[in-house]
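In this document, chain identifiers A, B, C and D correspond to the written order of the chains, with residue numbering beginning at 1 in each.
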C-alpha cells in the first residue's frame, strides 16, 4: 500500500511537489528565533492570501487560518514555526546563514535545527490540497501556525491572545513533529506522548578578585562546576531506574578574563519528567543541591529563576487510536508504529488543554536511512531529507484531518 | 620623617596636585583594553609634548619618553597603561562606563580595575617635578608607558619593536604597582617579586544533541565541570604545601540554549608559580587532568592553547636593597616593609631581562584604612583613594630615580 | 475469593501454621553467609528425612528433595537459603545476632536481610501439604534449596555439581521472592522479570606517604572518590532515559590511619541492566571512567576484577501467563498484578537456562500495610510480617505446582 | 671535621656500635601500636636497670629515666616509641611481621614506619656513652621515652600522669626525628618547626537499601566521595598560596557488600596548619563543606568527632641557635642546615609548653643516598640505613645535651 493508494485524489502532482520543496528550502534558509518569526509569519500570510484562506494574527507572530468548507466538524491542526540558536553545519545548498538576537542581546546564528520548517511546509501543502479537493470533504479546519515552541511561549501567547475566542472551537487539536526515524514512517503513543519540561536559570554569586588571590574572593566557577557534577546524582541515585527523567545543564557562562575570578556564574537547567511526582522530586532535588553546594562554597544563596515549563503532552487514548488507524490507512500498516512516551517536550498540549479538547501528536521520520547514529533534532547536522519526509508530513496531516471532516466521496 | 622632609624640593604644590588628580580622574574614567590603549597613548603624548619631552611610539600603543638632562647615568621607569574587562562598581564620581571589544569580538565593559591609572598619573607627575627641578639632578630618565600588561603582550611588543635600539640602555629598570595595602606605605621583595603566570585556553569538544536525549550526544559541560573540579587537586595533592601555586579557571563558556546539549565548552586556566620546577609540574598536571577527563567522558582530546606566559619577576637583590633604602628615606622607615614574593604576575621583567639589566619592582598602598577585607585588584569595587596614594607613587618614583641620577644639591 | 476457597484441601491447620512459624523464627535467627549455609542445609535435610522425602546434597550447601508421587509431569521449585552481612535492626524477638566471615576473613554480622528464610519456610510447608494431600496430585516435584544466591554462586554450583544429572528434568522451574509489597499480594512479569547484575572489584593503586606530604605520594582516596563521582554520569548522561540501569558503588575501603595517605583504595561496583546492549555499554563506561580517572590522578592502571554476573531472568511468556492465572485463582483476582521488570537480580534463571527449560519467577508481598516508604530488601530494618506473608508464599507455591502436577479431584 | 673529632671521648667503639645495631634490629622487628608499647617499655626499663639508671613509668607505657650526675643544669631529651598500622614492605632481614589491634578492634599489621626505633636506639646509646664518660659532664639528664606520639596521646598522658612533678624541671626539652634526608646530616628551624595537626572522624549517615533500588535509600558513599572531592578546594581556593596547609583524608570505609547501599560511610580528615588563623579557617571550612554536602545529598547531619590535635612545635629561637651551633660543631658545618617549618606534626611541644620551658626539635637524615624520590616516613618502604643514621642520632643527642651539662674537660 502506498501513499497515493491511500489518498489518491489528494496526491501531489510534480508541480505541486516542486512548489512545496521550494517553500521548504526558503523556510530552511531563513529561520527566525522564538517569538521573532516576523518574516515567517508574513510569508505564511502571503500564501494564505494567495490561496484565499481567511486568517488573523494571534500571539504576536502566530498566524491562524480558517479553512471553512461547509457544515460539519471543526478540527484544528498546528504547525510550529520557530528556529534555534545553532550554527548550521549540514552542508546543504539551502543551509541557513541567518543570525538573530537572544533576549539578553547576544548575537547568535540561527538554524531550523528542530525541523519546524517541515511542519510549516507540510501544513501549507495539505491546505493547498484540501482546497483543490474541497468537494471531497465538509467542515472547518483551523490552521494554527504557532510561534515560540522552543521557549514554551507560543501556545500560551496564542491562547492568551484569544485564539479560541476568534477561531471556532474544534473537536480535536492535531499536531506532528519530524524525527530522526526513517522517512516514510510515523509513530504515535496511545497515552503520554511527550515529557514535561522545566527550565531554570541559576545565578551563582561569587566574589570577584584577582586570579592569583583566591583567598580574597569566592570562586563561583568551581562552585557551579560542583553543582553541575552533583546534579548528575538526581537521575543516578534519587529516582527509580524505571522512572525516565533527564536533568541537562545546557548553558554555563562565567568570566571574561582568565586572570580574574569572576563575580558570578550562570547556568541553566532543563528537566524532563513524565509524572507530576517525579517532576516535583527532581525539581526539589535540583534546588536542594544548588543551595547546598553554594553553602559548601561559602557563597550567598543562588538565585534560581523559572524560565518556562512545558506541560505533559498526553494523547487522548481513544482519539489517538483513530488517528493511528487513519495514519496506517494512508502510510501503510507497517509504516506506523505505536510507541511509548518521548522525553522531548512541546507546548502543543496547551492548545487543547486550555479549552478541554483532546489532542493527538505524532512523529514522522526524516532520515533517509534511519541511521540510529545519525544527527538528531537540535544537532547542527540535523537536516531531514526532503522526500519522502515532506510527502509523509502532508499525507499524515490529510489523513488525520479527513478522519474528522470526512471524505465525502 | 615625612615625604616633604625626604624630598623637599620635589614636593607638589596644591596646583600641581590638583593637576595630577584631574589627570587621574580622566584616566580612570576612560580605560581601554590591552593593546588598544589608543586614546591613553595620545593623552600621554600630548602631556609629553606640553612638557617638551622627546618621545616615540613603540609596540603599537606604547609611548617612550626620553628625559635627557645632561651627563650621567641612564635609568628607566615603567608605568603600564591598560584596563580590564570589568564592570566598575565603585560608585566613584569618575567611575568608568567605557566599553571595549575582546579579541573574539565580544563587547564588554572596561575598568581600570588593576590601578594602572595610578601608575601613569604618578609617573607623569614625577616627570613634571623632575623637569621643574632639573638643576638638581643629571643623567637620563627613560619613561616607559607600556601597553598590554594584563595580557603579557606589551613588554614583549615594545622590546620587539626596538625599544632598546631606540632608547639608551639603562643601568636599571624600575617599576611600581598599586596594591590594597595602606595608602602611604610601600613594600618590596629582595629576591623573587612576582610569580610566573601561564594562561591556557581549553576547548572541550562534545557532541551536540537535544537536551532530552543525552544518550545521543556527548555532554561537554559535565566533562568540563569535572575538569574544573579535578584541577583543584593539583594544588591540594600534588604540590608541597610550602610551594605556593595557584590554578584558577577564570572563564567557562558553553551553550546558547538550555534545552540543547552544546557542541563544546571552553574555559581558561591561569597558573601562578614561583619556580620553574613547580611550573613544569603544574602545567603537566593541568594537561594530564584535562586529557584524562575527556577520555573518561568519551570525548575527543581537548585543544589546549597557550594564551600567554608571564616571566618570574626577580628583584636583583643588591639593587633592590638600594631602592629599599631610598624608599625608606623618602616615605619613612616604618612605612616601607620587606616582603616575600607575590602570586600576582607582571611582564615588567622582560624590559630588563631582554638586555640583561637588573630590574626592581615594588608595591605602594592604595587603601585608606588598609582594610584587609577590602576590595583588591581586579575587583569591580577596587578604587584606590587618591591621597596619599598618588603622592606616594610620585615620591617613590622620584626617590628611586634620584638614587641613580643623583640629587646634585 | 480467598485462599481457602482456592485450595481448600491444602489449607494449613493451626498446628501446621505454628510449626511453619516456628521454623521461620529459627531460620531468621540463624542466618548464614553465601555458600556457608551448613546448618541451614542440615536443618532442611532433617525435615526432609522426617517427612520421608528422598534428597541429596548438591553444590556444597545445596539440598535437592525429590517428591515422587506417581506418574505425571516433573516440575521444579526453588527456594534460596543464604543471608547477608548486615547488622539486623528490626527489633524482632527472633532477630539475628549471628556473625560470619567474609571471603577475605573479615568478621561480620549476618542477617536474613533479603527474606530468603520466608522462601525456605514456604517451600518446606508446601512440601508438607503436598505429602498430606498426596492423593490429590500425581507427578514429581523437584525441591531445590539453593545456596549462595546473593553472590550468584549457588545456581551455577548446583548445575556444575550435576543437579540435572541427578534429578529428573522438569517441564518448568518455578521460584518466588518476598518483596516490600502488601502481604497477601503477588506480582509477576510476562517477560523480563529481573535485571542482569554484574559486580566488579576495583583496586586503585596509590603511593603511600605521610599525610602531611601529599607531594610525595599518590592519593588513592581522592582518585577513587572521583571515580565514584564520575560513575554517576553513566546513568545520567550516557543512557537513554527509558533504558533502566543502576550503577551502585556498594563498598569503599581505604586506609588504616588518618595521618597516612594509603597505598591503595578498593571499591566494588554493582551494575543492573535489562538488555545486553545496555549492559555492554555500561560495563565499558565503568571501565573507561575508572581508567581515565586513574590516569588523571597520575596513578597506575587500577585492577578491575569481575566478582560475578547474574543473568537476565526472563519469564517465558506463555508459561508465566498460566502461572499468573493459577496465582489469581488461589490468591484472588485483584491480589495478583502484572508488573514490569525489576532491577533486582537472581541467579535463579540458570537453573532453567542450563537445560533449556522455561522458568517463571514472581514476588509475594511481606509488608503489613504496604508502606511505600517502609524498609526494603537489604535494609537492616527489613522484617516481613509473618502472616499473611508465609501463607501467601505457601499458597503461591502450591497453586503454581499443582497447575502442572494436577489436582486430581 | 668528623663526628669523632667533634666529640672524641664519646665515640662508639665497635662493640658498642654492634650493641646499638642489635637493639635497633630488635626494636624494628617488634613495633607496637600507640599507647600499647608494653614490650618496648619493658625492654627500655631492662636496659636502664642494666645501666643502673633510676626510672619510673609515666603515662601508661611511657618510661622516664633520671641520669643524675652531680650538680648542674637539668636538661630533658625525648624519644618516642610507637609504631604504625602499616604492612612493612622494606624487604629488610629484620622487617616487622607484627600485628596489633586498633581501638575499634580491627586486627592490623604494625611497622616502625616513622622511624621511632632510631630515636630510642640513639637515646639509649647516648645514655650509655654519658654514663661511660660521666666524669666529663655534670648535671641531670631526664630521659623521656614517650609513647603514643602518632595519636597525640603520649605527651599529654605523661604530663597528666605527673611527669614534671616526678622529674626535675629542665631548662630545655630536646628532641629529634629521623627524616628522608641524607644520612649524616641534620636540619633545624629557628622558629616554627612542625605544623599543628587536627584529626576528625566523620560519620556520614545514609539509608541502607538494596543496591538495585537507590530511590529507596540514601547513598552515603556517593555523598562522602563528594565531601572528599570538595575538601580539596579548601587548600586550592580558600587559603592564600603562601599559607601552607594540608587537608588529607587518610581513611574511608563504607559497606560490606557490593549489592547493598550501606547505612553509613566513615572517613577521617587530617589537617595541617602553621598559624592559629589558618587552622581556624580550615577547620571551619571542613565542617562547612561536610555539612553542606550532606544537605545536598538529603542526608542527616554527619557526626564530626575530634580525634586529636597536635600543637604547633615552635623552636625557641635563641635556644635553637645554640643547638644549631652545637650540632654543626659535632656533625660538621655543612652537614647541618637551617630549614623552614615542616608540615609534619608532633606532640613533643607539650612536654615543654606544659611547664613554660623552651623546646628544640630537629631532624636527622636516614637515607643512604638522599634520593629525593625515595620512601618517606609512613611509607611501607621506609627503612633508614643503620649507618651513619644511628651514629648521627647519637652524636646529635650528645652534642645538644652536652651544650647544657657541659664538657668538663
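Keep this in mind: contacts are C-beta pairs under 8 Å (C-beta built on N, C-alpha and C of every residue); 3 or more make two chains touch, one makes a residue touch a chain.
Since we're looking at a predicted model, the values are computed, not measured.
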Pick out whichever of the two, B-C or A-C, is joined by more C-beta pairs in contact. B-C
Chain A onto chain D, same sequence, C-alpha superposition: rotation to the nearest 5 degrees is 180
Chain of greatest Cα-centre distance to chain C: B
Taking each chain's centre as the mean of its CA atoms, how far is chain B from chain C in angstrom? 67
Note: chain C sits from chain A at a C-alpha centroid distance in Å of 45
Give me the residue numbers in chain C that touch at least two other chains, ranges are fine. 212-214, 219, 222, 226, 229, 232-233, 236-237, 241, 246, 272, 343
Please give the residue numbers of chain A that touch chain B in the complex, ascending. 84-86, 102, 106, 108, 113-114, 150, 195, 197, 199, 201, 207-214, 216-217, 219, 221-222, 224-226, 228-229, 232, 246, 248-263, 265, 267-270, 272, 307, 342-345, 376-380
Could you list, by residue number, the parts of chain C that touch chain A in their complex? 229, 232-237, 241-242, 244-247, 272, 340-341, 343
Chain C-facing residues of chain B, complex: 212-215, 219, 222, 226, 229-230, 233, 236-241, 243, 285, 288-289, 291-293, 295-298
